[in-house]
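Taking it in order: structure first as structure tokens, then the write-up.
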Amino acid sequence: MPLTRFSVSLDDALPHRFDTRIHGDRCPTRSKAVADLIRASLVQMEWSEGDEVAGAIVLVYDHHRRNVVKKIMDAQHVCHTAIISTQHVHPDHDNCIEIVAVRGKPSEIAAVARRLRAIKGLKHVSVAAGTTGRMLS
Amino acid sequence: MPLTRFSVSLDDALPHRFDTRIHGDRCPTRSKAVADLIRASLVQMEWSEGDEVAGAIVLVYDHHRRNVVKKIMDAQHVCHTAIISTQHVHPDHDNCIEIVAVRGKPSEIAAVARRLRAIKGLKHVSVAAGTTGRMLS
Amino acid sequence: MPLTRFSVSLDDALPHRFDTRIHGDRCPTRSKAVADLIRASLVQMEWSEGDEVAGAIVLVYDHHRRNVVKKIMDAQHVCHTAIISTQHVHPDHDNCIEIVAVRGKPSEIAAVARRLRAIKGLKHVSVAAGTTGRMLS
Amino acid sequence: MPLTRFSVSLDDALPHRFDTRIHGDRCPTRSKAVADLIRASLVQMEWSEGDEVAGAIVLVYDHHRRNVVKKIMDAQHVCHTAIISTQHVHPDHDNCIEIVAVRGKPSEIAAVARRLRAIKGLKHVSVAAGTTGRMLS
């Protein structure tokens, strides 16, 4: 992929502190570290005003709760346009962790999370705010 | 599961506003809404001072980048004790979304995310801060 | 102020863990702890879809930078409808911390923060997302 | 202040999108925009593992509540080493907004916020995570 090169002027102490951080994070180059910050800021903007984001919704529930599995399944079908696939983990005898890969408008993702959270028996819902990567390439 | 019942006194306007919110979220009962807030606050505490959390790390990368797939695989093996499984999505010709189910100490999860983010070709890393559900049941 | 009393049913282990947290936070009663969670969730909603919020914008800058003080003053006058008052602290010889009390629509507060952040010489801008308290009483 | 100049290589589309954002934010130069991202990331790190941060704690309370003003005053004196000064605003007949300028270890600031939040009559506490600016110059 073609690269664009530009130069940045920083107050004297800043590059030093930035390098300390980069080194602590084992990030290979300053360019990668700067690009990561820029990309993260763009993805944050996508989630507030963009057209399409991607990410994961993590559900935790007790599968012994009456109908909870069926309700989660039903809710996911209602929201199927924003849901790509799911991954299921059994952390112990009672609890399930279900990770739902999602893609769509930020408001759609929020609606999916809200609908799932409302299900009786759902204990916790968390969201990873990622990206499709399209606008970053 | 046995239930504990306790009563709460709130300033007069608060239950009304809370009910409006509960209704907007289609949450079935006040008890569920209060329990959800309590659980969310406990999970937040788990992530700052707890022993074990669970969640998802969402990676976005261009699989054409040299060695990026191999490096991600290697890094995941180094961190295999905190990684449960992965789920892979192809949003377009170039980009990959990989969702890594994780479980461990909050500091371990942070270390996994940091190590993955440092890989050249990785465009974005986001984390969903979930729970194993053990402390919530 | 008149109080409304209602009762909540929680899974057995939850009240115990909640009480541990309440005790650690020295919160006087369960009712206060529940009310705090409800209020915090309502304030969070105010910041995403409400009409009026309040809070503080914290600016950090080097007052030796040319014209920075004048530019901050000018920017604050442009945004004067959202700005109530300011408080100024001198952490060392070079740096200034200025805390701007703000009130208005969430989008107005965001615009004030963005405008201030754009000033050359401004090092850091952070926002405390508070409330006027009107909807909580 | 002396400047350090370094150059950054970014994938081709990234600078364009970054420039769009910079322009939308009225940020004067790419260098300022990059420096702002670097500084924000360093301040975030200060709050998780640094020795000294600064910021504001915003309190909202009903001053009619019995003893609330006295309790807030007492709590602030107990925490006086982390508290620099306060600013007070009256948004309406009942509510007070008090903005407390703070400086100290991140754990101290958290303890001050926790102690204030525990006071009966306190409706809401929010924190702006700023910096003394020392490590940024």
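Note that the chains take the letters A, B, C and D in the order they are written out, and that residue 1 is the start of every chain.
The rule we apply is simple: contacts are C-beta pairs under 8 Å (C-beta built on N, C-alpha and C of every residue); 3 or more make two chains touch, one makes a residue touch a chain.
Given the structure is predicted, the values throughout are model-derived calculations rather than measurements.
Shared contact partners of chain C and chain D are absent; no chain touches both.
Contact tally for B-C versus A-B: the pair with more C-beta pairs in contact is A-B. Counting the residue numbers that touch the partner chain, chain A and chain D have more than half of them in common. Here the CA centre of chain B is 25 Å from the CA centre of chain C. Measuring from the averaged C-alpha position of chain A to that of chain B gives a distance of 9 Å. Each of the following residues of chain C touches two or more other chains: 1, 39, 136-137. Contacts between chains, counted with the stated touch criterion, involve the pairs A-B, A-D, B-C, C-D.
Of all residues in chain B, only 1-15, 17-18, 21, 30-31, 34-35, 37-39, 41-42, 45, 135-137 touch chain C in the complex they form.
The part of chain B that touches chain A in the complex is made up of residues 1, 25-29, 32, 36, 39-40, 43, 54-58, 60-62, 84-87, 89, 91-92, 94-97, 99, 101, 103, 114-115, 117-118, 120, 123-124, 126-134, 136-137.
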